[in-house]
Structures are given as C-alpha cells and as structure tokens.
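Each of the next two complexes has subunit A plus one more chain, namely subunit B in the first and subunit C in the second.
Entry: the complex of A and B
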C-alpha cells in the first residue's frame, strides 16, 4: 500500500511534466490539424540546450527554462514557415511524414554535435530528496512538476485573458469563422506552433535533470506523448493534461511492480480508449473518426 | 483483352524478365545483395500501398509485422531442423497466412478510428511490438537477438536463392495489387479513400474491405520479414522493427506514386540502393539521418504525388494535345478534359 501511494505521488509529479509536453502537441493539432511528430525531439533538444547551459555557462536548468523557451519559440515559428505552411493539400497525413523527417533531421544534428552517448544534467540537487509523511520525494522531480504547472498556468492565463489567446481559441474552434472575423490564421498558426515547440523545450530542460537522454530518446518519448493525446482527445489541452496525469500515475505504479513493462501501460490504455471511447476523454467524436 | 491491359501485361513480363536475369548476369555479391534489398522494399512498399495508397490509411505499424514474420521464421527453425536450405522458403507460406489471420482482430480494433488518429494508434502498434521483442527474451532473445541456422548455399552464388524467393514474393504481391485495383474490391478501396461515409452510405461494406486489405498487407509484409531474417541469419529487435524502415517504405511509396500499381516498385528501386549506399558511406550515423531527412523533405515538397502520376499526367497531356492537333479545330462546346 505504501509503495502504491508512493507510485501515485511520483506519477503525478512526472505526469505534470508530460502534461506540459503533450499540451503543446494538442494545441498545435487544435489550431492547424498538424500532428507534430517532432514534438519529442524538441523536448530532447531542450534537454541538450539546458545541458549545455549548465555545463558550459553554469546556469541552473531552472533558470535556463526562460531563455530556452524564447529561442525555441523562434525556432518553432521558423519551422512553421519553412515546412508546414507550404503543405496545402492533405495536410493531416502529409504533416505526419514531414514532421517525422524534421524529427530525424534534428536527431541527426544532435548526434553530430553531442554524439550519441547518454547525457544527464547533473545539478547539485539532482540526487537529493526530502521526506513527507514517510515518502521520499526527489527534489528535482518536485521542482520539475512545479515549473511545468507554472508554465501551464501562464499558458492558460494567456489563452483566456489575452487577445492572442482569444485568436488561438477561435482558430481552434472554427478556422473559417475566425478568418471571417479578422483573425490572421496564418500568423496565429505560426505563433501557436512556436508556443507548442517552446513548451516542449521548456519541459525538456527539466526532463534532462530527471532522466538520462541521447538523441535517440525521442522515439520512446513520442510514443508516450501520442498515447497521452489519444487518451485526452485530439486538440484538447485540458484533455492532454488530465491524460498525462492519469498515464503518469499508471506508468509509475506499473514501474514499481514490473519495471520492464512500464512503457507498455501507455499503449495498453490506448487500446482501452479505442475500444470504449475512440475520440478520447475530451475529444469531439468527429475529430477521431474523420 | 483490352489495349491497356495488354500493354500492362507486356510491361510486367518485361520487368520481371529483367529482374529474373539480373542475378545471372551480374554475379558480384554486392550487386545481388543491393538488388535483394531493392526487391524486399518493393514487396514492402507494394503491400503498404494496398492500405496506405488504395484506401488512404497512413498505416505506421506495418514494420511490426515485418518483425513478427522475422521472429516467426527464426523461432520456428530453432525447433525444426534445417533439413534442406529451401525449407524456410516454403515455411514462409503458412507463416504469411497465419500473420494475415492474426492481424484481423487487430485490424478490427484499429480501424475504429481514421486519419491522424489511425496513424497515431498504428504507430503505437510498432512501439508495442518493439517492447515485446525486447522484453520477451525467453522467446526472442531480447536485446541479444536471435540467430538462425546458416543457410547451406554455395558461397559464390549465396544471395541467388534469396533473391529469387523475394522475386516470387514480389510477383505474388504485385498480382494481388493489380487484381485488387482492377476489381470491384479495388473500387471499394478507392471509394473509402475518396469519402468513407459516402461509400458506406452507398452500401460498401467498408469494414470488411479495409480489414481484407489490411490482412493482405500484414501477411505479405510478414513473409518479406521472414525471408529477410533467413538471409541475414541474426535478428535484433531494433533492426527487425525499425521506425526508420517504416518511414522508408512510406517514402518509397510516395516517391513512386501512392495508389498506383508500379509506383511503389519504382520508388523502392530508386531509394533502396541509395539507402544502402548512404548507410555504407555515411556509416549509419548522424550524417545518414540528416541526408535521409533532407531527401524525405525534398520528395514531400517537390513530388508529393510521386513519379508515376506526374509522368502519366505529362504523357496524357502530350497525347491529348497531339490528338487535338491531328483532328483540327474542335467543335464549339466540346471539352478536352
């Protein structure tokens, strides 16, 4: 029982970080119907940037999150204009292949710069933990969770309160109507994609403190992120966050009892979703089946 | 026999005659080896085209069945003595049929969703298969891989039996693809690609049609996987179920022309040698991935419809212009389309 509760706690902490990664994926899908396979490699890119900031400039990854987000926002906008905007026909299918090509391109570039050996952002507090009610909570996972929640909170505030946020939500709900009302869909898409990439990289900066990573790690990660989006419902950020917490808890508990099969639990949940609710928790039925 | 199918038959006989002659004309090991991989990717791409091209479903789990076929053959011949070098070739037939049948319940589950959701859950199939291949180490050998008995063929023409077996497999899958495309079944698949709801409304049994195409794709892919395992004699999970191979198959289909009969074959023969060449010169390293990504993006942006439809369009336009010029000024109101 003690172990089970401990697994749940760790799962929620980790789920928060996954939620940040997956919410960008859901946001991008909602705005422009692009399934960004490169989301996971951008997480790893963020991990490497934080790793470099830490080892070369001696900047704490927690502080590096802000500049990394800004840099990766610009990177994301660039990718949108270079590779996604030109796709006119058959966008849903082609975007999967194009973003996959971008993903392996970035993977190759990372391998060139950093080699393929495993890295880890080893901060002074990386191995510390503290005790709450008999549970050893790793400090770094708590920090990662808090940072993820803070960024998600800022994102929610931006979506609800600002003009840009309103434009993003309008584009998600009905692109044609939004355009008629004067929303520049093209610019909104570029900004949305930039936000999606920058949240991935921000999550990556803290992810690199929890796990070891190499350029190849994005394959495991994209499987997890896609499972989260399927459970949450495509295009729903709220769904992605709730699904990330649920899957984080399930995977952590499975990890405690059967460590080899933890990753399988993500896909097991996908099967259950397909059987009983193909559109996911918050999905609109049409999106899943069209 | 109409003119179109006669031209098609001649084309098919010509291509297969050339492919049959190849290992007897060029006996260098590296040439037959590359040609073997060309044929293998052609089988995989034509099989993928049944569901990915004809029905328009981006099926990203195909390579899981390649790995399944590879493991099925390797595990079978750990228990069955290799009395003849040709025995595994015949064992491929029951393995292919079994894999096709096994894939049916999976198809029924996966085909509940469409479009991007289908792509995502089919990618999950690939990841699940990889986890099983790594973790069921009692059966698959896990990360240490699984070996097969060495094929007892003469060293000088070692690749030839594999090449010919793969050629037979290509002929079989091409016949299947051609027969489906010209039959009512193929029309149903095209209708699903066009507008699935309308096809359903018009009485097409969409689920049945999709499941059959899916099972055929999985069965042929599994047979190619088994032959590949026998050829390379030692299989590892990360090579038997490599996501890069999966996307290479799709890239080949797109390059040649998805939904066409010869497009996937053409794409495979253009890209498979390039893939082997780059893997050899660039060492399967970071440069290889970058070159691969660049090629992928070039095809996606400059030839999204593929070589075969682009060339066919060009020829048709040319022929039409010639016909219009020959028939003189056309009567008012007549369309050239």
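Entry: the complex of A and C
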C-alpha cells in the first residue's frame, strides 16, 4: 500500500508537468485546428535554453522559466506568421506536415549547436528530496509541479478574466461566430500559438532537471502528449490537464509493479476510454459541432 | 508572392535538418586509386549519438593511416552514408555501397537492429563485415563467416566480469541479496540472465527481478520498488540515458546499495559524471573493453591523435570511437599481411589468429564473437579505475559503495 500511494504522489507530480506541456497543444488545436507536432521539440528547446541559462549565465532554471516563456512566445508567434498563417486550405492535415518539418528543423539546429550528447540541467537540488509521512518527495519534481500549476493558473485567469482570453475562448468554441462578432481570428491565432509554444518551453525548462535529454528526445514525448490530448478531448485544456494527471498516476503505479507494461497501460487506458467516449473526457462530440 | 515565401521558408527548414543528415565522402590525394571503405552510420535518429562518435573513430584512423602512407601504398577514402538509425536504410546503403559504388571494403554500423541485416548483405557479396558495436544473439545466430565484433568480449558477456569479481570474494564478504533490473533490449536481457544464473548458483538471494521498456521510463517509481526489496547488490542492464536517470533516482530516493553495477552508461567517462553529477559517481561499477591509459599496441598514438584532431582530453574519448578505430587498425594489419584487398582472404586471416589492437589482442569464434573478457571498472576518486582482473587493475576495488553525498 505504501508503494501504491507513493506511485500516486509521483504520478500527480509528473502529471502536472505533462499537463503544462499538453495544455498548449490542446489550446492550439482548439483555436486553429492545427495539430502541432512540434510541441514536443519545443519542450526540448526549452530544456536546452534553461540548460544554457544555467551553465553559461548561471541562472537557476526555475528563474529562467519566465524569460524563456517570453522568448518562446515571440518564437511561436513568428512560426505562426511564417508557416501556419499561409495555409489557407486543408489546414488540419497540412499543418501536421508543416509542424513536423518545423520539428525536424529545430531538432537539426539543436544537433548542430549542442551535438547529440545527452545533457542534464544539474542544479544543486536536482537530486534532493525530503521526507513526508515516510515518502521521499523529489524536490525538483515538486518544484516542477508547483510551477506548472502556477502557470496553468495564470493561463486560466487570463482566459476567464481578460478580453484576450474571451477572444481565445470564443475562437475555440466557434471561430466563425467569433469572427462575425468582430474577433480578429488571425491575431488571436498568433497569440494562441505563441502561448502554446511558451507553455511547452516552460515545461521543458523543468523537464531538463528531471530527465537527461538530447535533440532526439522529442520523439518519445510527442506520443505521450498526443495521447493526453486525445484522452482529454481535442481542444480542451481542462481535459488535457486532467488526462495528464490520470495518465501520470497510472504510468507511475504500473512502473512500480509491472514496469514493462507501463507504456502499454498508458496507451491502453486511452483506447478503452475512447471506446466509450470517442470525443475524449472533455471533448465535444462531432454531431454537436455540425 | 506569399506562397513563394512560404515555399522558401520550408526549404530553409529542411536545409537545416538536412545539414545533420548529410552523407560524406572524405576525399584523398595520391597517384594510385584510393582504397574506398563504405560505411553506413546513424548520423541522425535514435542512435546518432553513438553513430557520430564512431564516425570520429573511423575518420581518425583514416587520417592517421593516410599520414603513414595509407593501405598497400594507396590512400584511404571513406564513403560514409547516413542511415537515420533505420535498419531498412542501412541495408539499402550497404547494397548501394557494394553493388553501385563498388567499394573495396565495408565497415559496420551501430546497433544490433542495423548490424544483423547489414551483415547479411555483406555476406551475400563475400565482403568481410568488421563491426564496432554489436554481437547480440540475433546476429551471432546467423552463423556468418564474414562477421567480426571488434571488441574484446561479446555484449552478452558484459556482466561476466562482474560475476567473476563478486564470486572471487570470500563468501562472508559477498552480497547476500541482489536485485536485477534491465532495459528491454536484445542483449542486455540475456546478459543479465547470465549474471542471475551465476549468482543464484552461488546462493545469492534474488529479491527483485524486472525489465523496463525502452521509452518513457519513469525511474523514480521504478527505483522506489527496487529500494523496497532492500537488496545488497543491484545488477542493472542499462544503456546510457536510463543509467543516468537511474542514478539520479537512486540519489533522490536515498537508496544506496552496497554493490552497484551498470552494464553500460557508467563506463562513459565523458558523459556519466556530467549527467549524474560528479559528486554522485563514487563506488559505481561498470565494464568496458578499452580505456585511455591502456598499454596496448597503438593506444598511446590513438589517444594523442584524438586529442590533436578533436580537442578535449583523454577522458572524453568514447569507447565507441575506440571500437571504430580498432576496425581500421586491425583491417590495415590484415590487408598488409594478405598483400591485397581480397575480402575472402581477409575473412580467412581474421579467423586464423589473434590480432593486436588498441583494445588488446582480439580473436573470434566461428560466428564472429570475441573470445576475450571485459575489464571491470569503478569510479574511485572521481576517476574511472580498472579494478578487475587483478592483472590489469590500476586500483583496488572500493567496497561497499560509499553513501551518496
């Protein structure tokens, strides 16, 4: 029972970070109907930026999260105007190819700059832990979880309380009606994509303290992020966060008892849920949007 | 106009990606036609880390040997093509190198996944297939006469030096219990099984035994489960990233087994300390076939030339680089003895005797499996020391493992 509870705690901590990564993916799909395959490589890009900030500028990755988020927001807006805005037709399918090309391009650039050697942002607290009720709580994973919760909280506040947030939500729920009501969909899409990329990079800054990474690490990550978004319901940020927590707990618990089956259980849960709710936990069924 | 800009932007992205995926043919000078060596390497994709370090070894051998006059008085030219870590592409590459480019020799790629089908292609055309980093049952079970793993021992033997050391200890000093954990890998799982058989026969109690997947591994819960079993010793069938993350999780969990052995990863003197923290490496054991200070034929020259060409220091040289260099070194000696680029005779010579190399004297059984043993190494005083067998030891083993700082 002790290990089972511990697995749940670790799963929630890690699920929070995955939730931050996947929330941007869900937001971008909701607003633009763009499946951003480059979301995972932007996580790794964020890990490299934090690694550079730490090793070259001696800035703690936790403090680097804010400037990295800002820089990556601008980067995301730039990607939108350069590569996604020109897609006028078949956006859902063409965007997969375009964002895959972007992912490969970023991977290639990271390989040239940093080489393909594994890196790790080795802060003084990267391997520290403290005991609570007989459980060793990894300090860095707790910090990562708290930062993820803080960013997601700010994002939720922005979506609920600001004019931009209302525009983003309107664009997510019904882009045509939003446009008729005067929402500048182009601008909102650019901002939404920028936010999506910046959340990925923010999560990447803390991811690099937990795991060793290299430019190829995004291939493993994108499968997890897509599974989370599918389970949560495409376009639903709330669904993505809940799905990340659920899958994080399941994977952690299975890793304790049957590690070889952990990934299968992770994707197995997605398949089983989709059998009963094809639209995912918080998704809107197709008939409701037609 | 806008669509043109978009097209150029896509081309720009692919150009950046392509720069990491390019093939290369290193040109040579000289009046005689060069000896062309065809190699498929994983310069991109999952195995690109090792692929690039092997490329360094091949290219270093080429420059060192060409400075000495090449092979049979002919300069050496490498034709290296990228297989993107894909077995299908590797097979296609060797097919093209042999039939279209008509290279004189072929050297092997990285990983079992690529080597086994590639060696079959080379065998079909009668080419010798010296390989830097394979030897899993899948390849050896093909019983190929042309395959030679250029390491002192086969990968399945990675843990044998550890069992020999542990079982050489007096019975009252041996660990009483052991946990086995392994990556789901075609040679690590059977390698761990060999250790399990030996330790079980010696009466060391098995308290944990599991395999973990190759992707998306969460080490903290995995290590928590191992720690709960309270083993004296952990035998870990690891590669690179997983060994790094496992050490960090052990430190976080404050789980400090008395004896800790990693099959791979911990022997990487360049990347292991930087990834797990220099303060966390003391007392960790691993196995390797080569180390920079080894007193073997040509090793001092290899280390000096490596530093001259690539910079850094000896501790940053990867074993993958040494293994690739070994292939060039051994094949040069064989070709000089044969007196011609004749693959049939090269294969015959490689099977006939021991060949000196920077990894020591190498010899193979009929399937190309090396007949030697690996060295047991331990991190002592921030440095990787050879601790077993005693004849090669640079330091006495430090056991039990010191506590994490």
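General observations
The criterion applied here is as follows: the second predicted complex is superposed on the first by the 284 of 290 C-alpha atoms of A that agree within 3 Å, B and C clash if a C-alpha of one lies under 4 Å from a C-alpha of the other, contacts with A are read in each partner's own complex, and residues count from 1 in each chain.
Methods note: a residue touches a chain if its C-beta (ideal position, glycine included) is under 8 Å from a C-beta of that chain, and two chains touch if they have at least 3 such contacts.
In this text the structure is predicted, and so the values were computed from the model without any measurement.
Partners subunit B and subunit C, brought together by superposition on subunit A, clash.
In the superposition on chain A, contact of A:94 is made with subunit B only, not with subunit C. Of the two partner chains, neither subunit B nor subunit C is touched by A:281. In the superposition on chain A, A:271 makes contact with subunit B only, while subunit C stays out of contact range. Of the two partner chains, neither subunit B nor subunit C is touched by A:183.
In the superposition on chain A, A:117 makes contact with subunit C only, not with subunit B.
With both structures placed on the common chain, the touch criterion links A:226 to subunit B but leaves subunit C unconnected. After overlaying the two complexes on the shared chain, residue contacts for A:104 are found with subunit B and with subunit C alike.
Judged by the touch definition given at the top, the superposed model places A:71 against neither subunit B nor subunit C. By the touch criterion defined above, A:234 reaches subunit B but does not reach subunit C.
When the two complexes are laid over each other on chain A, subunit A has residues 83, 86, 98, 101-102, 104-105, 107-109, 111-112, 116, 219-220, 223, 260, 263 in contact with both subunit B and subunit C.
Of all residues in subunit A, only 2-3, 6-7, 10-11, 14, 82-83, 86, 98, 101-102, 104-105, 107-109, 111-112, 115-120, 122, 126-129, 136, 138, 141, 211-212, 214, 216, 219-220, 223-224, 251-253, 255-257, 259-260, 262-263, 266 touch subunit C in the complex they form. Of all residues in subunit B, only 56, 58, 60, 109-110, 112-117, 119-121, 123-124, 127-128, 131, 135, 243-244, 247, 250-251, 254, 285-290, 292-294, 296-297, 300-301, 304 touch subunit A in the complex they form. Those residues of subunit A that touch subunit B in the shared complex are 29, 33, 35, 83, 86-87, 89-90, 92-94, 96-98, 100-102, 104-105, 107-112, 116, 215, 219-220, 222-223, 226-227, 229-230, 234, 260-261, 263-264, 267, 270-271, 274-275, 278, 287-290.
Residues of subunit C that touch subunit A in their complex: 2-3, 5-6, 9-10, 12-14, 16-21, 44-46, 48-49, 52, 184, 210-213, 215-218, 220-222, 224-225, 228, 240-241, 244-245, 248, 251-254, 270-271, 274-277, 280, 404.
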